[in-house]
Amino acid sequence: MQQEKNIKIDIRHVNIFARDVKILKDLNFEVNSNQILGIIGPAGSGKTTFLRSLNRMNELETGWRIDGQILLDGKDIYDSELDVNSLRKRVGIVFALPVALPMSIYENIVYGLRLSGVSDKKRLDEIVEKSLSAAFLWDEVKDRLSLSGLRLSGGQQQRLCLARVLAMEPDVILLDEPCSGLDPISTTWIEDALTELKKKYTIILVTNNTMQAARVADMTAFFLMGELIEIGLTKQIFTAPVKKETSDYITGRFG
Amino acid sequence: MKLLGEKGVERLLSVVAFSAISALGLIAVFIFIEGLPFLFKYGIKDFLLSSDWRPDAGKFGIYPMIAASFWVMLGAMLIGAPLGIAGAIFLAEFVPKTVMNIIKPAIELLAAIPSVIYGFIGVVVLAPVIRDLFGGPGLSLLAGAIILGIMIMPTVISISIDSLLAVPVSFREGSLALGATKWQTVHMLTTKAAKSGIVASIILGMGRAIGETMAVIMVTGNSVMIPHSPLESVRTLTANIALEMSYAIGMHREALFATGVVLFIVIIILNSIASVAIRKKVIVK
Amino acid sequence: MRIPPKYTQIAAITILGAATVFTVAILIFILVFVLEKGLPILSLNFLFTSPADMGRSGGIFPILIGTVLLPLLAIIVAAPLGIATSVYLVEFTNESRITRLIRFGTDCLAGVPSIIFGLFGFIFFVTILGMGWSIMSGGLSLAFMILPTIIRTSEEAIRAVPKAYREVSFSLGASRWQTVRKVVIPNALPGVVTGVVLGIGRSIEETAVVIFTAGSSLLIPTSVFDSTRTMAVHFYILAREGLSMENAYGTAAALIIAVLIVNLTAYFMMHRFIAKRN
């Protein structure tokens, strides 16, 4: 099956160092638009570090350095001219642990919009409904939008986090093991939402749960010890991996 | 703040952040400008080691005040430190947490009572007791030491409790599991682990004792004398400044600022030692 | 002969407990002593009439005003400086030689005796800047004195805001300053306010600084360049010069009550803050 390529993110010779230790080695691959890229691999293989380098969240830590290039729509995101805050508005992230900000559900969703200066109440209302619906949370919370986000359950909070990213209408959504702390039903909600969302967005999903990648990802990349071992169509990775490490990992021999 | 922009805010904050250190610098500069020339003019040795304080005759020896400050501080430490540390150990190790959470703030409230009130209690309650029991004028080195000892207790207790509680529970459990009693654990292990914090609390207490002014003025009697017994009336460095500043002019005023210089240097040294000790504790933690 | 550990423990606990009880007893004694003698004198009339005959009779109304104005001015100056310093220390820098220097300066300033603040305020504000003995000189000197209290307390409160909140805010495209304004400060607010309240408390308790910089006028101040006195100073003068024991006790009671209110407020705010955090 020949797929039309529409490169959203181009990763070229990327090395990432933390306190002079190289934790990601010479990454070279592309991420296509309107697809879900699943990244799998054992803990400590650099998946999260990679994900956080895509919206420069890594910069918040000290002793961190990158070389090589990450191009988003052909433009280097580490260009010194580029405003990191507008980059983060274009590349949203959902963290492993759900973090509702200590404010109302409504304010959580519009937090990013308010930062960008959107204050039209009608527009905000619309976006809140749209984003919560897309995250499959609207029906559960529509009558209590002024409730503190902290009062929601873990699964609801994680969908709130997703909706909060969607409200920004980003180009790319990064998810860092978004279901690691959730029950199976909440996980299903999130996965259904992602499948729906890829029509509009480019999604990168880091997961410790290989089955989740198999279920929702179009492409899957396997990271091991800071290296990209293999990337390909999910089906191919899970049925006919090229590298031995990949098949060992998928069949559960380590990890 | 919009006007300033992100960079502007950061720059503004980075300037304001130096407010405390600038305040300290400003204080040091002006106290030194007023006091240092005198020190060199009069001679540091004569100033510090002579016992002749007669401003009207141009004699400015502060040795009696240095001795008084030292003895009052030492007395205060002898009273306040053991009581404070004992209280801290008791509260941190031997009472339920809920009890500690009530008593610790109550004791910290002691620190909030104005020093003039302490001084007053010293005058109307303590001094007559000392006079009746031991003789002498009542208003004395001993009275100053007792009042200051009480005043520094909250400092000692509060910081000591914090450093005792910073000792990991696993240390204690390890010791108890080996069959040690709670008290053995406390005196062989916990207090040793919390030592630098306890030492810091004592040094900070010393700083407070040397620096205290109003309570001391009220209870020590204020005679310029090298004390030979705790029952004598003495005048500390701080009291000397506060008592004479209002009418001092010329050399006399400069001499009082020079006294301030001495006090300032002593306090900075004590605080430096304490802050090194506290930092050590943080690293251990 | 070796005393069994069980008995040494009992002896130790007894001694330690006695020390604690003794300390608490002193606190109670001071409070009871002052309030017992002062409360009967304390009345609305006492609070809201002016003193007569140097304070031998009459009330403490102008002193009440001074006791409000001086800490107020001190806090207006010190709170923004102190809070900004702590925001800078926690949010805008990493641990470095500069932050260590700032912390060391703050610690030293906290240890500087009040008489030194008084001397400094007298030479700098009163004399060199020509403000005279005034609310202005006193308030500014007190501001210097309470700056470390505010810096330390708000630094602690700001540090206690979970890192995850900041991450979320940054990830949604907020700048540092936006994150501070919208997430950090609102969440640290009770702790920050506690520091401010403690600063007010310190200013109310202070005597030496105020005598040296604000003077001891008994008139109702009409501008910030008027001299005034606070309750602590008034009490000191009444008691020391033996003008009126009765009015001294009344003032002491008012002073203690003010200090209690301020510190209990700070305590309960901090308590709620900690409870909320957990």
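To keep things simple, chains are lettered A, B and C as they appear, and every chain counts its residues starting from 1.
Everything below uses one rule, namely that a residue touches a chain if its C-beta (ideal position, glycine included) is under 8 Å from a C-beta of that chain, and two chains touch if they have at least 3 such contacts.
If you're wondering where the values come from, they're calculated on a predicted model, not measured in any experiment.
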item: Chain separated most widely from chain A, comparing mean CA positions; value: B
item: Chain closest to the middle, measuring from C-alpha centroids that were averaged per chain; value: C
item: Pair of chains whose C-beta contact count is the highest in the structure; value: B-C
item: Rounded Å distance, chain A centre to chain C centre (Cα mean); value: 49
item: Distance between the centres, which are taken as Cα means, of chain B and chain A, whole angstrom; value: 56
item: Chain B and chain C, separation of their C-alpha mean positions in angstrom; value: 17
item: Set of chain C residues in contact with two or more other chains; value: 175
item: Interface residues, chain C side, partner chain B - complex; value: 5-6, 8-9, 12-13, 15-17, 19-20, 22-24, 26-27, 30, 33-34, 80-82, 84-85, 87-89, 92-93, 101-120, 122-124, 128, 144, 147-148, 151, 175-177, 181, 201, 204-208, 211-212, 232, 235-236, 239-240, 248, 252, 255-256, 259-260, 262-263, 267
item: Chain C partner contacts - residues on chain B that touch it in the complex; value: 1, 6, 9-10, 12-14, 16-21, 23-27, 30-31, 34, 82-84, 86-87, 89-91, 94, 103, 105-110, 112-121, 123, 125, 150, 153, 157, 180-184, 186-187, 204, 207-208, 210-214, 218, 238, 241-242, 245, 256-257, 260, 263-264, 267-268, 270-272, 274-275
item: Parts of chain A lying in touch with chain C, wherever the complex brings them together; value: 55, 57, 60, 62, 85-89, 92-93, 95, 97, 99, 101-102, 111-112, 114-116, 161, 164-165, 168
item: List of chain C residues in touch with chain A within their complex; value: 94, 162, 164-175, 178, 182-183, 186-187
